[in-house]
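One chain, chain A, links the two complexes that follow: it is found with chain B in the first and with chain C in the second.
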Partner chain A sequence: MNLQSIADRLYETDVLVVGGGTAGCPAAWKAAKNGLDVIMIEKNHTARSGHCAQGIDTNLNFPRPGVPLKLHVADWQKRHHMFYGEGKFCDPNIGWVTFEKAYWALKQMEDMGCEMRWEKGPDGKVLFIPNMFFGGDENQIAVHWRNIKRDMYNACLKAGVKVLNRIMLIDLLTENGRVIGATCYDTREGSFIVIMAKVVIMAAGPLARTYDSETPMFYKYKYRYHGAPGALSGDGLAAAYRAGAELVNMDIGNCWFYRLRDDILMPIGQVFHRDGVNGRWTDYEGNQYPPIATARLYAELEEAGKTPVFLSQTHLNEDYQKRIEVATADERMVSLKLSEDRGFNPAEHRYEIQPMHLHNFATACGIVVDETFESNTLKGLFAVGDIAAALSSCGPAVTSGMIVGEAMPEYIKNAHLDKQGNVDMNQITAAKAIVDRYASTPDGCNPIELEASVRYISTVYISQYKQANKLKVGQQRLNSLRREFYDNMDGSNPHHLMRCLETRNIMDMQQVHIDACFSRPETRGNYTWQGTWERDPARDDMLTYQRMENGKPVLEIRHVPELKEKYVNSPDDAEIECADLYWDELKKESERK
Partner chain B sequence: MMGPIKIDYKKCIGCKKCYDLCPQDIYVIDKETGMPKVVYEDECWLCGICWMECPKRAIDIRLTACFW
Partner chain C sequence: MKLELKPGDYESKFEFPILKLIRQKAEELDISYCAAADIVVPEYQKTVRYRDHEFEHEVMMSNDAEFKQAIQEYYERKE
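So, the complex of A and B:
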């Protein structure tokens, strides 16, 4: 059997970008602008896919003028302490380059035609606001990103990127520790596609669908995630892992300290923090508490029987309330419609604050990369955006995408990648066999039902209170699910088959997560409640790394890298590329601080 | 039964934007009528993209009881 006969479609390209989201689009655009052949595959439709599809309101990571970059990196690490406890959780070199290139990336975004200014028109200002949320030294910018995905999509098309919508990654193709392409599935037509590429940029977003969604939900309507469910199945993580890329911190998921529980609106926390104006914490009787939301304060109130607590904005002036309403409508348009249906009045509304359970893997965990964003174990695989270890949110996603897109011509030249790799037909037939098996199991289990079971078991037996015995029982239950259903899902039409492939990835990543939890008792603690971890100082700054080697999982606990000499020794007043383009607005903001 | 998505076929012009853009792929184009049909409604996450993109506001999104 040869490639032509097994693949319904076959492509060759210089660069394959997996996932047309916030990080993937800039990477594809920049690589195409630099003269490369680029294919970008997107499971949904690039114009409205991924986490930015509905718009977001802030873009983070801009270092403040006059503050040395080293302090910004230290601050960034402090933020991780706040979430996860003591110790370093990320490679600081990655933090360094994303801060260093933030203004450069902002300039590229403007060149791409994205709306980066608060007021429209040539005189519009980039609206820098202090990052009150993390109390740090950096700026974020307020953005109208309602149509950011559409604008990015159009820019990619114009730059000559071949965008393949509704095409889903199945697995990566490798040759001697190097990525040489991918197998894919057309989620509408059901065809099997092979793409040969000199490099692959993985931008498929984070993982969350191993845990229950944020609002308890019965079987129907189960996708109430804060993140975009289509981008949360961890497809990219799973495929990279199976191909030999190393993952890190898969024991550590994200738990926000609190969330605003409101069934009609997405959280609007940032609106308060912007300009340093805070909402008020009050309890049911109207008693007020300090406005800074911490897990500890919440726990104290819970113990004292004072919960539920609310974030109230009734004391803010009318102008502010209008802005809240506008921000809510602007960035999450349907929310305003739904809230109007329910008679929402921002002047009177109180948002209930709740601690959040473990819900996704985005911030500290992901594919291990160095500051060039190339995988440490799989050559030719780059990871950008939330899927890369140490990166999360839009600023780092865009910046990492731009950096990698920019570096691709040099990389391809230096690595002498002048022709495509040699395909191992076994890898192709293995991927095709997975598709065929699901396609021919009409009486198999519903993939979403299986996913719901995995999520339920994870939430009950793993989640935050991970004690060894519970983990063991959870593992047993997941094993039996896997034995019975992993190969036995109903993919009798392309839509279902897409969900089968997702569930396969979710189950593979949940196994990696459990292995990681077993390996480190001290990361089993829970950090949204009063206690933090049972800290083992001997393991401070040590992380859990996992990869597949010769078909076997390998787990190591190693030191997180230090900030490199060249960065440590760089002058405090080193110039940051393109910052001067925005300097005036920035300085004003800094003076205000 | 009430679900989150409802198409008003009196307003719909069959432009297929909802079908093209829905990130959860809940729509299917009916072969006979050429019009969009809600098929995988239980996978909707109420993002509002179809509602926002529909040129005729032919789609209504309603909160079902479990989102209330």
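So, the complex of A and C:
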């Protein structure tokens, strides 16, 4: 059997970018601009996919003038305490590179056609604003509500990137510890695709579908992709892990909540960014309480019979409501109709604070990379954007994508990748067998139902308050689901088959998650181990690393890397590339204050 | 400080202004809601003072002041 006979479509390219989001597009665009053949695959449609597809109002992670980069990096590491608690969770060298190249990437972004200035024109004013969520420093810029994804998509097409929409990654192809391509699936036509590439850039986003979807809250309108079924099933993470890439921090979920009671969490009381409105919470009678809800305060209220408590949006201004309407009408008009039918009135509605749970893996979790964004265990695999450990949000996603795209011609030359790797037909037939198996199992389990069951296990048995017995039961339940249904899902049409592949990835990643949790029977990051309530300070800066070696999972607990000597010893006033183009404005703004 | 709560009024139904406009446009031109939304949404968006920096700052500050007062009142009440 040869490659041509097994693949419905076969491509050869220099660079394969997996995921056409805010990191993937810049990587593809930059590599194509540098003269390489680039193919970008996207499970959805590139013009409308990804976290930034509903527009962005800010872009962050810009170092301030006159502040040494190492202080920015230290602050960046410290900022993660807000989400994860004490200790270090991210490689500072990654932080350094994203700060150092932030203004350069901003310039590239403008070249791509994304309007990043407050005032129109190439010399228009750049508006630096405080990052209200993390507090204080003016390290982000405000931009007009921009759907940068359309701009990026058009730029990619113009640069000659071959964009393949509705194509999903199945598995990576490897040869002697190096990635040489990928197997993919067309989610509309159902065809099996093989793409041979010298380098693969993974930009498939984080994993958000291991837990039940988020509890709806008003401030999440802008962030509703967290619970969106159309994305973030961890396809990139799972494929990279199966191929031998190392993942880190997979014990830590993302949770933007305070703990009020063991089963009740309160969202951090802030409507994001520059909206200018704080979240408020009240008891049933409408009495307001301090913004930082605490377990003690909640206990007092409970004792006084004043619970349940509510989050209120009655104070939000008309513009805020209008913005939500616009975003909703633009994307899912039916939600407005349903809300009306159910008697929802945004000016009066209050949300009861109810049991909430983890919802996402982000920022600290993901593929382990060095400062060139190449995987530390799998050569030729680069990870950019949210899927890479330590990266999160639009700014670092674009920066990492641009850096990798820029470095590709040199990398391919230095690694002597002048011809494609040799294909191991076993890897391709294995991927094809998975597709064929799901396609020929019409009596199998509905993958959508199975996904719900798998996510329920995480919510109930893993969650934020961990316990060995709970985890064991979770593992048993996952085992039984895997045994029954992992190979037995109904993929009788292309959409269902895509969901089968997604559920396969979610199950694999849930196993990684459970393994990671078992490895750390201690209170750590943002979770509590019931019974061992104290943190272990000696292991504060130690992270859990996981990878597959010869088909077996390997787990190591190691120290987070230190900032490299060359960065520690760099001069405090070292020039930051392209900063001059933007700093003038920031300086003026600082002086004004 | 108490948030002002209106009693639930289930007699009059709340309508999202944007949906109302979309319905009207769809009926007027005899087109689908989706096609009408393409016409209505960009126009409606222009009525949002979304990037009025001064305005946002003002609202933020007044909210903040009001909020601090609410907290102060809470602790005074406690004492």
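Here, the second predicted complex is superposed on the first by the 456 of 593 C-alpha atoms of A that agree within 3 Å, B and C clash if a C-alpha of one lies under 4 Å from a C-alpha of the other, contacts with A are read in each partner's own complex, and residues count from 1 in each chain.
By definition in this document, a residue touches a chain if its C-beta (ideal position, glycine included) is under 8 Å from a C-beta of that chain, and two chains touch if they have at least 3 such contacts.
Fair warning: this is a prediction, and the values are worked out from it, not measured in the lab.
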Chain B versus chain C as contact partner of A:Asn345, first or second or both or neither: second
Touched partner set for A:Ala47, first chain B, second chain C, both or neither: first
First, second, both or neither for A:Lys337, with chain B first and chain C second: both
Partner chain(s) touched by A:Pro290 [first = chain B, second = chain C, both, neither]: second
First, second, both or neither for A:Lys413, with chain B first and chain C second: neither
Touched partner set for A:Arg280, first chain B, second chain C, both or neither: second
A:Ala142 touches, of chain B and chain C: first, second, both or neither? second
Intersection of the chain A residues that touch chain B with those that touch chain C: 333, 337
Complex contact set, residues of chain A against chain B: 44-45, 47-50, 53-54, 166, 187, 215, 217-225, 228-230, 263-264, 332-335, 337-338, 341-342, 448, 495, 498
Contact footprint of chain A on chain C as seen in their complex: 1-6, 8, 10, 13-19, 22, 33-34, 37, 40-41, 44-45, 47-51, 53, 55-57, 59-60, 63-64, 67, 70-71, 74
Touching residues (chain side chain B, partner chain A) in the complex: 4, 20-25, 40, 42-49, 51-53, 61-64, 66-68
Residue numbers on chain A that touch chain C, as the complex places them: 118, 127, 142, 144-145, 274-278, 280, 282, 285-291, 312, 314-315, 317, 319, 322-323, 325-326, 329-330, 333, 336-337, 339-340, 343-348
